[in-house]
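So, here come the structures, one by one.
One chain, chain A, links the two complexes that follow: it is found with chain B in the first and with chain C in the second.
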Partner chain A sequence: MWFFIIRRFNLFILTVAILYFLVFLMMQALPGDFATNISGIQHPTSGQLSELNNAYQLDKSWFNQYISFIDQRIHGEFGVSFTTAQPIWQEILTFLPATIELCLYATTIALLIGFPLGIIAAVQPQKPADFTVLGLSLVGYSIPVFWLGVSAIMYFGLELQWLPVAGRLNLLYQVPPITGFTLIDIWLSDLQYKQLAYRDAFAHLIMPTLTLALIPATMVTRITRTAVREELNANYIKAFQSRGLSPSTIIYRHALPNALQPILSQLSLQLSTLLTSAMVTEVIFSWPGIGNWLIDAIYQRDYPVISAGILICAGFIILVSVLTDIMLIATTPKRRSAVDGSR
Partner chain B sequence: MARANSIYQEESIPSPIQQIWRYFISYPVAVIGLWVFVILLIAAVIAPFIAPYSPHFQHTDALLLPPSWHPDGQVAYFLGTDDLGRDIFSNLLYGVRTTFGSSMLVTLIAAFFGIILGILSGMSKGLKSSILNHILDATLAIPSLLLAIVLVAISGQSLTNVMMAVCIALIPQFMRATHTAVQYELPREYVVAAKLDGANQVQVFFHVILPNILNALVVQTTLAISVAIIDIATLGFLRIGVPAPTSEWGTMLADGVDLIFIAPWNVTIPGLAIFVSVLAINLVGYGLQRAVKEGLG
Partner chain C sequence: MTNTVKKIFKYSILPLYILLTGCEQNHSDNSRVLPGIVYCSEGDPNTFNPQLTTTGTTTDATSYQLYNRLVEYDPALGTIAPGLAHHWHINENGKIYTFYLRKKVSFHTNNYFNPTRTFNADDVLFSFNRIIDKQHPYNQVSGGSYPFFQSVDFSGQISKIVKVHPYMVTIHLKEKDSSFLANLATNFAVILSKEYGETLLQRQTPELIDTNPIGTGPFYLDSYVQSSHIRYKPNKSYWAGAPVIDQLVFDITPKSTNRIAKLMTGDCDVSALPQSSELDVLRRNISLELQIQTGFNVSYLAFNRNKPPFNQAKVRKAIAHAINKRAIVEAVYYGSATVADSILPPLSWAYNDKLSQYRYDPELARQLLAEAGFSDGFEMNIWAAPVQRIYNPNALKMAELIQGQLAKIGIRVNIVSYGWNVFIDKLSAFEYDSVLLGWTADNADPDNFFRPLFSCASLESGGNRTNWCDPSLDRKFTKAISSTNQAYRTNIYHQALAQLNQELPLIPLAHALRFQVKRRAIHGMPLNPYGGISFAKSHRVKQLTAKKGTP
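Up next is the complex of A and B:
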């Protein structure tokens, strides 16, 4: 087993290296001076320029440049932003928690909705319940995130005035950002009205999380439905049925644990879709996260920030897919030969 | 296939495509999806002939008219007008061309390149396959929207650039689907049999594997169209997509957001258009998927 895990880890390094190379190529294709784009320092003085030359080996061959580019980025040196002139790594650390918070809650909701629905649809093939779930998931999957977000704002925010439409917390509550996660920060703060602050934070959370949760929920439903049904058609299930095991035992003790494998591996592939819709959701609800920051960077043509955003997002996706792979390999011997990396 | 115990000497066996078609039209929802799809296709072609007005013409005497079924609406402006007095219905019709038409085109181009690359990576072994796969993994890890945004940032805002960006974002998905399909078929017995008969790689692929993975590729293509529509509309919504004078559903929606208080139909109608077309394509894709499964499985 260790052989496979080490092999997968090597592949991870290789894939990340290729990702860095793609971003490196992109940096060279971008308009403007390469030294400026890679460091974020506009109009560098001669002293800064020689420093950059030193750090990124700009006078050497492209291969040296590529290696030192990786070296700088891995040590958290992402350069500075064009617009704010702040170190980008610092900015990432302030914006990332908001995105993680949003994605985490949305994924939890999606799993809580998608799993049961998928199982219900899977155990009743070709019945009304199956068709309803399938129809709902097809409809939900077809709704564009931005339309849903804007419609939610229009109805619940403006017409009914039930929920706040933008941001994470009312400005009345001065919560110092310690961890960056609002709910934890409120708990850590010495606010007088913690309960009111919590209620406000939750009100701010409802619309963005539900908007973001819709598409993952439909995906979880469909993946679960397919995977569980496939397991239920297997011969060992028939063997159990013939021995008179109750349907619930078969489903919960045998079919579901086995179906979890394909579900997990399929879900890790959907992560980039989740991040994409998270970016759009953040823009609509003015959520101060990575997505909002990145889209702003695009309007400002802030190239160092864009490249840092790609490295962080794609790196995160690759990391998660490798971790799921390793977890799957560790728990199922069957997968080991299939994931030997050469094919 | 012909049954020995049948009393009829001649039995017409429907070809695989006929079988798939029969199964497909037995799902009413999928057929509705297909109708909407065909209507959209026709609309994309004849938009200039059926649109009542030019999409850019500003009717200064008819600003922010609600849709015609509203008491204040006029039938002359069927779906109402926006804040510059542009007819929403005409805009929507021209938008079929940009949003729907260009996503069709983009998907076909992406399918062409993605499938070829997927075949190359699927049929090859060892180092070559490894290299292709890791490039694939790395590009697949970059969210498609982000990739599109970067390309637009590099080469500027125009319809061609947006299309190219979405195309490049779609190619890895085609590559992966083709790769998986080829890898699934490759070790199976009928392929081994063909190899033992002395078929070379090219023959194995075109005569043995391709007919069996074609269905998977068609389904993938249908689903990719819906992804392309959403991507193009999302780029338009974020205002980094198709530039201003061109009618595009996402951009129309983004323009409508400013008027959300006084003229909510400017948001609802373009959104509904995107939703209906994506839903139609997903229904067709789903119908095809099931028809292929039942017709061939």
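Up next is the complex of A and C:
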């Protein structure tokens, strides 16, 4: 087991190093002064320049520069933004919670919808229920996020005027950002009208979360259906059936727990899809998250922010996939030997 | 059919909806409990001191919210009204202005400043000396540039400002200037606190005077989060009566469609600059009210006179004849503007209706070009900024239309565009052949259209985009402002307009109407034709018909 964890950890380090190298190359290739692009300080004074020289070893070879680039970044030193002149790490800390909040709720909803639907489809193979679920999930999977978001805005926002279409909370509620998670912040605030604030926050959440939840929900449905069906076809299930166990016991006590493993491993692969859709969703609903921030930065050619965004998002995905890998292996000894031949 | 679909939709989501909204009919009704107003503004202010800028976004966020002026402009009556000076008089030769100041006017108190005294003559001297006195400790703080005051030559105009006693100030002018009072009533001539200035000097952070503002206005600044929002709280001891609303929030929303969407769904109560193409949607929505006002503005195509062939009047006139202004007003403004035949809008008392018109006539244009020696046409560039302005909703589209129209007479146009700040920077270098810009008047005096745009002094302050300095015209402007006789001034302005029409340093294109859109429940917000928005008297009236009509 430890052998495996060390191997995974090495892989993680190597992947991140390559990621940093690619970003480092990109910064070199971008137009403008390298020192400016890497630090975000425009027209640095001679004092600032020598500081930058010191920090990034700009007068040394590219390898030294690369190493000190990594060194600065992993210590949270991402430079400052071109447009706001604020430290980028601070900005990340304000925008990241909004994205995590959105993704978390969307994933929860996706699981709540996708899981039961997948099981229903799996236990009634080739029946109308199966076809309906499969058809729906195919349709859902084919709908582009931006189209769905814009249509929802047009209909529920502008036509019926039921739901707000932008932002996280009506600005009249003065909620100080302590954790960055709206619902927690409302709870922590000394607001007079917490009930109303909650209602407003929920109203703002409905459309973005449902939009973002659609594709993961269809994925969960399909993955669950395949996994559960595979388990149901296994010989031990047939043995249970022949012993006369009730179908619900077979499914909930035996098939489902075994099917969970492949479902989880498949789902962790969907994280990058989720993050990409989250960015689109954030832009459509003016959700002040990391995607919105990054796309604004691209519009404004804010190179330090773009590179920081890439590092953070890609790094996050790599980290999560390695962690789920380790977790899966830790809980399933069967996979350990199969994948790595380790003891 | 669609109705049935709508009903099915409605009822399928009804349980969830009721769960979340607790049977409330319209979620924007929360505002009953939250007496505040949200304004969807179009951008970040560059500073919180309007003395330092001429951009409308900044003055909207500051002038009438945070500050007061000595005198105010009354848009309803078109006259100058008392502000921080409750009374004033001008001596016989028109050179000494005496202001009697209001007593018991308090400056803002908040977490970074606690005033010990009320407003008096020292604050007036502090505010104006900052602009005119190069030795003033605050003159060079935040760059030392006061664009509006430079364009009207404020420091050249004033010989001295004297504190007679704590509540009486006299301003001595070098020459008689009938536009002086109107200039004091503009968005830019705000009064700052001297005590705050001194406190900041002691703390060695003078630059905070422009970012953490203290004024006498109806609101004080609570917090500002860049690119997100500005939050104001009411000044409870405001001298003209504290605002009714609990807070005022500027929701910074650069995209026009987003502003409209927020307005329709209740996240905003008032919105800035609706696009002309959205007006129909807004008119159809019964909970919204569209306010329209003839604007004191003009958009124009200015030629850089130092760049040949634009030093030839014939070339400029040929282009004037080749541009179809009516088509532009239709396509760019969607009819929400009037065709301009001079820089002055017809609303102004100095408007000259006897000017000869440059009618749309490509044949004549080609002929004029040939006479000037360009029978094969030539190549030129038009600079246009990719931002929305009050006087021009879409300069790029306008440039494209002009490109097409000029192609018919053989002129090949390249369109050049930069972001707004870079654009303004580069304009000062006069590298362009021609540029699409405009001007929004700050007050009702016609002088505001002439000196800031055509005087030699404005070449340096950046209002003069034609690179054109004509001493004879300058003399006319000076003559006009040295009199208070309206008939006499009208006569001079008519001559000036005729001269401009003859020489054509720029082609006036359109006078845009001014729009503001708000929820019907918001009251107390008159639309000011000279720009500047005030929430001092705004309040929310309980709605009777908030719900959208059911089918």
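Following the convention adopted for this analysis, the second predicted complex is superposed on the first by the 338 of 343 C-alpha atoms of A that agree within 3 Å, B and C clash if a C-alpha of one lies under 4 Å from a C-alpha of the other, contacts with A are read in each partner's own complex, and residues count from 1 in each chain.
Assume contacts are C-beta pairs under 8 Å (C-beta built on N, C-alpha and C of every residue); 3 or more make two chains touch, one makes a residue touch a chain.
A quick note: this is a predicted structure, and the numbers were derived from the prediction, not measured.
**Q** Look at where chain B and chain C land on chain A after superposing the complexes, then choose clash or fit.
**A** Because the two structures are overlaid on the shared chain, the partners are seen to fit without clashing.
**Q** Answer with first, second, both or neither: which of chain B and chain C does A:Tyr173 touch in the superposed model?
**A** second
**Q** Please work out whether A:Lys60 is in contact with chain B alone, chain C alone, both, or neither, and reply first, second, both or neither.
**A** A:Lys60 contacts neither chain B nor chain C.
**Q** Between chain B (first) and chain C (second), which, if any, makes contact with A:Val165: first, second, both or neither?
**A** The second partner, chain C, only.
**Q** So in the superposed three-chain picture, is A:Ile153 touching just chain B, just chain C, both, or none of them (first/second/both/neither)?
**A** Both partners, chain B and chain C.
**Q** Can A:Lys127 be said to touch chain B (first), chain C (second), both, or neither?
**A** A:Lys127 contacts neither chain B nor chain C.
**Q** Specify the angle subtended at the CA centre of chain A by the CA centres of chain B and chain C, expressed in degrees to the nearest 10.
**A** 90
**Q** Quick check on the superposed pair: does A:Ser142 touch chain B, chain C, both, or neither? Answer first, second, both or neither.
**A** first
**Q** Of the two partners chain B and chain C, indicate the one touching more residues belonging to chain A.
**A** B
**Q** Tell me which partner A:Lys238 touches in the superposition: chain B (first), chain C (second), both or neither.
**A** In the superposition, A:Lys238 touches no partner, neither chain B nor chain C.
**Q** Report the closest approach of chain B and chain C over their C-alpha atoms in the superposed model, as a whole number of Å.
**A** 5
**Q** Let me check the overlay on chain A: which residues of chain A are in contact with chain B and also with chain C?
**A** 153, 158
**Q** For the complex, which residues does chain C have touching chain A?
**A** For this pair, the touching residues of chain C are 9-10, 13, 17, 20-22, 26-27, 30-31, 33-34, 36, 38, 226-229, 231, 247, 249, 251, 253, 258, 261-262, 264-267, 548.
**Q** Touching chain A in the complex: which residues of chain B?
**A** 29, 125-126, 129-130, 133-135, 137-146, 149-150, 152-154, 183, 226, 230, 233-234, 237-238, 240, 250, 253, 257, 260-261, 264, 267-268, 271, 274-275, 278-279, 282-283, 286
**Q** Mind pulling up the chain A residues that touch chain B in the complex?
**A** Checking each residue of chain A against chain B gives 11, 14-16, 18-19, 22, 26, 29-31, 135, 138-139, 141-147, 150-151, 153-154, 158, 272-273, 275-276, 279-280, 283, 294-295, 298-299, 301, 303, 306, 309-310, 313-315, 317-318, 321, 341-343.
**Q** For chain A, which residues are in contact with chain C within the complex?
**A** Within the complex, chain A touches chain C at residues 84, 86, 153, 155, 157-158, 160-167, 170-174, 193, 196, 199-200, 202-203, 206, 286, 288.
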